[in-house]
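Below are structures written as structure tokens.
In the two complexes below, chain A is the common chain; its partner is chain B in one and chain C in the other.
Now for the complex of A and B:
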């Protein structure tokens, strides 16, 4: 597998798994408007995953669906940050913001890629991600505005920080740390990243559910 | 806060009331309105108006039932038909079938 395909799959897997995780709030988000907005963000992430898988699939001679659903859990290249199941709102928002911030740094690097297909797709994805970032930033403002919110956000950030670092390659991590420290107005723990390539136990559970419909039908079924 | 949302379907068309969103402030309202009323490309623009900023008038007295001032007050259809008959211009009426 080329470096290009590996990179596309890593980002696609992040978007697919996070889209799935975020969609777990559908129907139970704190209030109706947020439910609709967060579900819509989840759908966007899955749409980005599809576009990235399509690009990778062309090189591998397969399809986006096969890449999304027919691999075994340990073949996914997602970062452990997106695999965590954290159905608690402060943690969800912390993860959402950490991921969007890391993703922005990663996408910015891809937009100046010499590969025109990657640069073009990155620019397209970034135009939608801009709204995800607005949403995440609003919630950060909101949480930072009260003592309770700040405490809950900081606890969640402390827990998730090593995972957030693991979303990015070595070279991009200092940029993420600088941005996060400035935005949150606090120092972040100096920890070892939880890198891509390892998986959380929750991924296998998610995979069971995510692929169950597809696995229930014989290979080659058309939907 | 409740915000009333108006949406414009195509450029140049009037904004029409679409519904409302409940949000803690204007920034949240913008995100939520975008997701609920424009995510499927069904609008080209949205207006958000805090419900408090809307003046409502809901009393329109009509003590003397001046029916003739209403659009449906009386029908001119029959009279128009007669007038056209007299003038011999029935076939020029809108919707008339021409031989």
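Now for the complex of A and C:
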């Protein structure tokens, strides 16, 4: 597999798995606006995953659906941050902000890629991600505005920070640390990243559910 | 033999699957039409990438072209050539009449939440006393706003 395909799969897997996690709030978010928001963000992320898989599939001689659903959990290249299942609001918002901020740094690098397909797709994805970032920033403002919000956000950031670092390659991590320190107005824990290539136990559970319909249908089924 | 003008006219009859007041041509998603040896090639630029209407649009274009007696080839371009700035003036007016605030022009600089919070025109009463209720709405392309003058919630086509 080329470096290009490995990169496309890593980002596509992040977006697919996070899209799945975001969709877990559908129907049970704390209030209706957030139910709509997290459902819509999930739909966007899965749309981005599909486009990224399409590009990778062309090189691998397969399809987006096969890449999304027919690999074993170990074959996914997602960052552990997106695999965690945390149906708790402060952790959801902390992950949302950490991921969107890391993703913005990654997309900015891809937009200046010399590969026109990668640069073009990154720019297209970025148009939609701008809304995810505005949504995440709005929630950071809200949580930082009260003592309880700040305390709960900080606890969540402490827990998730090593995972957030693991979303990015070495060279891009200092940029994330600088952004987080400035925005959150606090020092970040000095920890080793939880790197891509390892998986959380929750991924296997997610995979069971996500691929169950696909696995229950005979190969070649049409929907 | 079918001409490119006939193909454009046929594509202009296809309504957007989710906002049927505007056509695919109004939406600006047809980037190019080319004809070669009886095959009509359409370059199609997706709008919002997770939009389930994209496949419906693609199939509708194929059906229209086949009805003209040509072989359709719809190419999906995954580049950055579509933005809401490509929606035609006519398309924007059709959106407004149907109760959707059309997208505003894309700013040159990074878009900030504060720019979206106030000042958009209500498609029902024309007041600019409107506020953002939710960045997200019932489909990927829409936000929800509320008009404080006529007390009507309405949908805003997102600018991307």
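Operating definition for what follows: the second predicted complex is superposed on the first by the 223 of 223 C-alpha atoms of A that agree within 3 Å, B and C clash if a C-alpha of one lies under 4 Å from a C-alpha of the other, contacts with A are read in each partner's own complex, and residues count from 1 in each chain.
Simple rule for what comes next: a contact is a pair of C-beta atoms (placed from the backbone, for glycine too) under 8 Å apart; a residue touches a chain by one contact, two chains touch by 3 or more.
Note that this is a predicted model, so its numbers are computed, not measured.
Enquirer: Following superposition onto chain A, is the placement of chain B relative to chain C best described as a clash or a fit?
Expert: clash
Enquirer: After lining up the shared chain so the two structures overlap, which partner does A:31 touch, if you call chain B first and chain C second: first, second, both or neither?
Expert: first
Enquirer: Quick one: classify A:47 as touching chain B (first), chain C (second), both or neither.
Expert: second
Enquirer: Touch test for A:134: chain B only (first), chain C only (second), both, or neither?
Expert: Once the two structures are laid over each other on A, A:134 reaches both partners.
Enquirer: Look at the residues of chain A and decide whether chain B or chain C touches more of them.
Expert: C
Enquirer: One more residue to check, A:121. First (chain B), second (chain C), both or neither?
Expert: A:121 sits against chain C, while chain B stays out of touch.
Enquirer: Return first, second, both or neither, reflecting whether A:142 touches chain B, chain C, both chains, or no partner chain.
Expert: first
Enquirer: Is A:223 in contact with chain B, with chain C, with both, or with neither (first, second, both, neither)?
Expert: So A:223 meets neither chain B nor chain C here.
Enquirer: Touching chain B in one complex and chain C in the other: list those residues of chain A.
Expert: Correct list for chain A: 33, 36-37, 40, 131, 134-135, 138.
Enquirer: Which residues of chain A touch chain C once you look at their complex with the stated criterion?
Expert: Residue list for chain A touching chain C: 33, 36-37, 39-41, 43-48, 50-51, 54-55, 116-117, 120-121, 123-125, 127-128, 130-131, 134-135, 137-138.
Enquirer: Within their complex, state which residues of chain A touch chain B.
Expert: Where chain A meets chain B, its residues are 31-34, 36-37, 40, 131, 134-135, 138, 141-142.
Enquirer: Enumerate the contact residues on chain C facing chain A in the complex.
Expert: Against chain A, the touching part of chain C is residues 46, 48-51, 78-83, 110-113, 116, 133-138, 140, 144, 158, 160.
Enquirer: Would you pull the chain B residues touching chain A in the complex into a rising list?
Expert: Going by the criterion above, the answer is residues 21-24, 27-28, 31-32, 34-36, 39.
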